[in-house]
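Below are two complexes that have chain A in common, paired first with chain B and then with chain C.
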Partner chain A sequence: MGFDRTMETRGDIVTLDTGSAADSPSAVNLHRRIEGRLAYATDQQELPGLLHGAILRSAHPHARIIRVDSARAWGMPGVQGVVTAADVPGLNRFGIVVRDQPVLCDDHVRYEGDAIAAVAADTREQARAALEAIEVSYEPLPVISDVTMAEQQAAIHDTNGSNLLARETLLRGDVDDAFARCAAIVEHQYQTPRQMHAFMETEGGVAIPDGQGGLVFRVGCQSGHRDAQQLADILGLAPDQVAVEAVATGGAFGGKDELTIQPVAGVLALQTGRPVMIHLDRFESCRAGMKRHPVSVKITTGCDAGGRLLGHRVEAVLDTGAYASLGPAVLANYLDHATAPLYRIEAYRVSGRLVYTNNGVCGAFRGFGGNQATFAVESQLDALAQKLGIAPTALRRINLRSPGEPGSRSQTVRWTAPPADVLAEAAASPLWSARHAGAGRWLTGTGMAMGAQGNGLGDDLPDSGGGQISLSPAGRIRVAFGFSDFGQNIAEAITCSVCDGLGCQEDDVEVVLGHSRGPDSGPTSASRSSVLMHGVLTSLLPRWKAMVCHQAARLTGYPEDGLEPGPGGLFLNNHQVLSYRELAESSDPDCMVAEASQDFPVAPGHEQPVGRYLQLQIATVARVAVDRLSGRVRVTDLHHVTAAGRVIYPPGYLGQIEGAAVMGLGMTLTEDLPTRDGRYVADNLDQYLIPVFHDAPRQRVDVLDNTPKDDPFPVRGVGELGIEAVAPAITAAIEAATGIRVRQLPVDPGDLLMALSAQEQDL
Partner chain B sequence: MRPESPRQAVSFAKRFRAPYMAGGTWLQPVWERDRCWPGRLVMLNPGWPGFRGVDENSEGLTVGALTTLDELARHPLTDPYLPPLKGLMNHVAGPGVRHLGTVGGNLLAGGDLLALALALNATVDLVGGKGVNSESLAEWIREPSPGDLLRSVTVPDCQGWPVAVEKLGHRERFSPTRATVACAHDGRQVRLAVCGEGGAGRLVVTEAMLRDQGVPGLKDLATVAGSELQALGWRDARLRLAVRRILSFLLEEVNRGV
Partner chain C sequence: MNVRDTAPEGSVLEEVSFELNGHTISRSVPAAASLLDILRASGQVTSARAGCRVGRCGACQVLLDGCAIPACLVMACQLPGRRVETVEGLDSDPDFLTVRDALAGANALQCGYCTPGFAISLVAGLRQRRQGHQVDLAETVAGNLCRCTGYGGLRRAVGQLSDPGHHANADGPGDSLLGEQK
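Moving on, here comes the complex of A and B:
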């Protein structure tokens, strides 16, 4: 699998090599994806009888619907179907945690992306043209757009007494007493932006009647099984009448965790009896799609004269927009991270409120609330270190947890390396010794931050998953999981693991993903796939190996215990005696099927997770250059020290850390989608600016792994780890360069320039 | 509509109130955003004489309006006449847009080239109802005559002039300009121009102060340039501060080259 070619080893720590990763034979799909040659669900334009759907979105961020008249749309050219709320056969609501979002709005619209009606026509253009013929009468309602005032305003959901969707507080010890004993206390307000996923492939897919009253969905999504359950309820179908195939997906990052176009496509497909494809364009994706929760938080943190953290108080408000989606779980994860999982704090009171507004919809996004909290917590530590007059690394060293210590929620924690070792590696980064310019146009500086990221769905959520292995009729080792592949290359990670476990070659393995009628592996989220995949394969591979050897022994007459699977087939004394194809052709396929499932690991003594048991760490060192002329920030280098278990697929590991870091860089420097009166101020990627290649810094990814050989959970998921500490590392570097600490993201160059100018005038 | 000549294009545009279309990289996203596509477009033909290519003549360097941004960046005459253009061009849109987008489109959209062209005192050749006429770019953008078709832009022979230009975008590449500032010294005086969020124009008052005072103090420059920018339409004080600082930086650079 080319492990040695892609990693440079220095004792316990290895550096992943970018150049070699791209050349890995497993990276074929990476190249196909980058070159635009990977077929997405919406590329299936040749489906017989295919219709194209279009959705009428609300004209107002908040209004009562008086009347919807779709009669004229039926007469428009090419129109084959028109649906409104009355046509939804089952439950006209969806939502992973709270089913509060209408498929098609009946009496209220609560954000400008709300769907009211939809059309299926022979072409996309005809469908869109027919939307113009649908008349909707509204009674506009006051727009609730200020999250800090929303709880005092009329509830936007009739079922709730107020706009407060959820409130949660985590407590430890006596906070007031702890603060009373502090020698230094810092209190600051932090704000993080509403970030857009900006995936390459906007939301899309096709609903196909199966000829027996049911539907098959081919879509870009993150959880085929969960989606199938929700869709059956919406469509009034039995669960076995709905199948979801999560085909190759052009990025998701949490933005396709919730249902997107599936419900409306399904309703149209049932009405017309024909396949219906819906593919949002970028404008519609911006307007209707999920976003990251903006968070406003006040944090007070204090320590004694020796730097030991004593008190920590957090009061956060998260704007969830019009519907809940995964908001309550995001709030829970935010608060978990706000307890500062890496550090010992004697007492804390960490509370948060999740509030409905008419500002779009927020839900899952890589980091899942955790990185927003880490930005504030790490910034607090830097402020405290400054107040004490000690180095930020010194303050962290004093407070970092040790392996074996309980976590911030008093739960058992399984780290893959001591946090102090991660800090030590980051403190030794060559970026610290780079020369810092003190004069001239560019001000340069280096800063660092740490972050912890847990694997698994988290607090109180049931979490399990399974997989299957079999031999295909063509003689390939078919490995099936319910996960979706949206660019994280889980298929390649599975292939590498199977090759390592069976000694076969990559061409022998065929990975099948994302079929709701296949094994249920649970959602592709929460950095959980790699953990489950490894656990399930650890159970499956020895059993399947025994099955195959048993069958091969029967066919060849060789002793079963002398046979071994290898490249291309079965071997005896290093000589191939049977190919996998020959084995498949001569065998009943059912005799070589193995299945396994497992619960996601939880801390011993707990039935459901509290906080996170499997914890990862990252320390990110950032080097920046700040333009004294304009206040613009250029991130020149990011050095990540990661402790996230064993690397089974280096290109995937590297891609996740680097990709997530650039996403975090975007959130820190340019990305935000504010609203004005409930409407987004940007509507396309020419106004909402994500980083481009020239914004991406040099990056180095180091891996520190002390998991013992017999560790039951040596492989962890790294999909979110890379974003965790980027923002506070960059703002720490900006402070090192300029003396100015930025606490509101994205960094506003104009504000930074004004502060620089004021500072110069003070000199 | 595909007119046979520039005169016919002007006539079509006036008669049908139809916009001209060259590379389309600016107009297309605007129409897409508004979901409002014009019923008719007047397609411009790069094969019309004088509309495409780069030509050295007695006036200086003439660039056809339908010359693509990429062609201009790669042309062998660009370097001697406009040394800072190559660096600037890296910051103008992305490669795909530079292959389609034209010099004329960039100037009309208030793009990055406008500040440089203004600082170089460029003139434009326009095809109107009555034929071709020339006028200064600065005057034309102040009061463009509706329907006039831009044929070419000419910069004087500026070989050897110290010229500096700086773009401030939202990110490193592929960003609309927030502010592009250009500074040139023609051997006698400094010329300053700006384009971006606050509008485009020559900073003539600041130029006059520089002419009168030589090298002014930073405070004077900030006051005068700040007021002039504000009058031009630059309302964001933070952006004005950035432009003033960039101006000061470019002035130093240009003065070093004098």
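Moving on, here comes the complex of A and C:
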């Protein structure tokens, strides 16, 4: 192996590298992807009788639908099916938390991506051409685009009374009293953008009739089981008539957590009795797809003369767009992170409002509201440190929680390292030694920020999952989980864990992911897969080992308690006595199937939602160079100190942190999809700018693992951790370089340039 | 699916012949049909993928007479007599195998949807270098977008390809401040 799978990081800081991933269990998988031999959801062109679907989107961000006339579309060349709201057999609504989004709109449209009708035709072009023949009469309604005005305007959902979808306040202690005792108070307004997931494979896939009245879906997604349930309700089918099959997904990041094209493809497939492929092009993906919630927040934070945090007041507004999706859960996670989980604060009042508008739809996105909150909280700490005249690291050191202390919401928390140790490593980063601003065209500076990240859906949502292990007919140890595969390296982590647990080799293991008729592992989201995978395997592997040894003993006559699984087969006194293949060939396959499932670990002893139990930490140190001529910011280096438990598969851990960090860099510097009168101002990747190769900084990822030896949850999920602290680290570095603190993202080079020239005039 | 069918009704069709991965293919297509659509309809290529259709993302990158270009920007009328290569046709190409091993060794991909496009750009760079041109391999992937990796593994792979003696863990050629301090 090119990397040490049993790498012992306990108590030490280790800098991750990929070693040689070419020798890793993923090599075959990697080669298939590089050589273009892996079929993605939208590559299924060869299905017999395949039709292509196209969706008619709303002409207005907000309107009443007077009439939809689709009769003429039926006569268009190649058309095999045409559907409107009346053709949805079951519930014409979907949504993970609140089912408020129509599959096909009946009486109102509420954003410019709303679907009204759809066509299935022999070719994609014919389907698109037929959309032109569908006539829709609208009565346009006032567009609610300004989130600050939305609550005073007429409700866009008459079922909700007003445009306030959710409001929540978290309280601790007496905030007014705490502020009265503060020696320093800072109050600022922060704004974060409407970020687009920009997965390289846009939403798409195929719905296939199963010949018995049901449907099989092969669509890029994050939660096959939950999708199957929603789809059965929409399509008027029994739950066992809908299957979601595993298929390679070209990126998700939360943007495929909700249903995308599945409902419309399903309705068309039922009507035509043929497989229907829908693959949004980038223009349509921008217009109709999910986004990250833009957040506008006012925060007041105060401390005593010694720097101890006393009072903290947060008032946030999140624009959820036209439909709820996971918005209420994002609000909850935003507020949880706004309580500053890493720090002791005597009293806080943290409140937020989630508001409907006609600005697209927002939902799940890596970080899930948490990173938006951390940007504001960490910026506040820097402002306080400045006011007190102490170093930002010093202020943090004073206030960081100790292991064993309760969390910010008084819940029991399991850290994997003392927060102070993470800070100390970041404070010792080599990037600080180059923090002096230059005098030429480029101003350079270094800044840091910390972040906490919880694992799991959160304890107000049901969260559990399972897996299965069996011996395949060919004699491979088949391990099945319901997770979706986006190349996030969960398959490699499973393989490594099974090899560690059984003493077998990688070739012995076959990982099966993401079939709704296989084990239900819950959604592939919320940094939960690794935790669940480890928990389930911890219970499964010893049981399965016993089953296999029992069966092998029956076949060979050797004593059961002397047999051990190992590389390639079963061993007695270090000699192989039976291969896995021989075992499979002489056994009934059903006699060696084990299943387990478990609830996701949550903080014990609470009736009410209290925030995450399993907590991770990151400290990110950023070094930037600001161009005096253009105001543009280059991030040259990012150094992350992470504390996220045991590393199972180092290349995967590294890739998750690096990838999330650059996604956060994009949100900080270039990415935003604003709306004008409810319409997005950009519609493709030439206007919406995600980071390119040359924008990517040098990165270093360190791992600090001091998980207590008796911790039952030594493995944590790192899918979101890397995005948590990037934005405030970059803006801190910009301030170190220029003296200017940016509180509205993405950083506007024009504004920065103006502020720089104003500074020079002052000199 | 036939490319003819992907054309708007009434388009004038042209007979177009070009070389795809070493074999001549002929198709009757509208003059403005994109090479991307022709490839995906050919039944021989899935590695060229529609990420943006405006030449921005590089997910449909192919070699046209040895030069890397997004297939969505090439029209059928530009194809006669030209040579098109995709990763499906490069399985024994030494430059491609070098690139493949560098990408795999650096774990330079996650979902992999964009990866054949990156591989094509790097193969074009290696071929130019083999012909004696000065090539900055980092420049060859300037037109390829990846959303998963943050380009960390890609930086390591490009470093490895630029300087085969390069230690896979050093991050980028030369002046890494972090590297110096380690």
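Details
As a working rule, the second predicted complex is superposed on the first by the 725 of 763 C-alpha atoms of A that agree within 3 Å, B and C clash if a C-alpha of one lies under 4 Å from a C-alpha of the other, contacts with A are read in each partner's own complex, and residues count from 1 in each chain.
Note that a residue touches a chain if its C-beta (ideal position, glycine included) is under 8 Å from a C-beta of that chain, and two chains touch if they have at least 3 such contacts.
Small disclaimer: the values here were computed from a predicted structure and weren't measured.
When both complexes are overlaid on chain A, the residue A:G631 reaches chain B alone and has no touch with chain C. In the superposition on chain A, contact of A:E607 is made with neither chain B nor chain C.
When the shared chain is aligned, chain B comes close enough to touch A:L669, but chain C does not.
Judged by the touch definition given at the top, the superposed model places A:D590 against neither chain B nor chain C.
One of chain B and chain C touches more residues of chain A, and that partner is C. By the touch criterion defined above, A:D762 reaches neither chain B nor chain C. Contacts of A:R441 after superposition: chain B is touched, whereas chain C is not reached. In the superposed pair of complexes, A:F253 makes contact with chain C only, with no contact to chain B.
Within the superposed three-chain model, A:G750 lies in touch with chain B and out of touch with chain C [touch as defined at top]. Touched by chain B in one complex and by chain C in the other are residues 684, 686, 691-694 of chain A. Here chain A touches chain C in the complex through residues 2, 15, 17-22, 24, 26-27, 30-36, 38-40, 42-43, 45-46, 50, 77-78, 122-126, 129, 197-202, 248-251, 253, 279, 281-282, 430-431, 433-434, 486-489, 623, 636-637, 639, 651-652, 654-655, 658-663, 665, 684-686, 690-694, 696, 698-700, 722, going by the rule given at the top.
Taken together, the chain A residues at the contact with chain B in this complex read 283, 441, 628-632, 634, 669-670, 683-684, 686, 689, 691-695, 748-751, 753-754, 757. Across the interface of their complex, chain A is touched by residues 1, 5-9, 40, 43, 45-47, 49-54, 56-57, 59, 86-88, 91, 100-101, 103-107, 109-116, 119, 138, 141-142, 144-156, 168-169, 171-172, 176-182 of chain C. By the touch criterion stated above, chain B contacts chain A in their complex at residues 29, 32-33, 94, 166, 168, 170-176, 236-239, 241-242, 245-246, 249.
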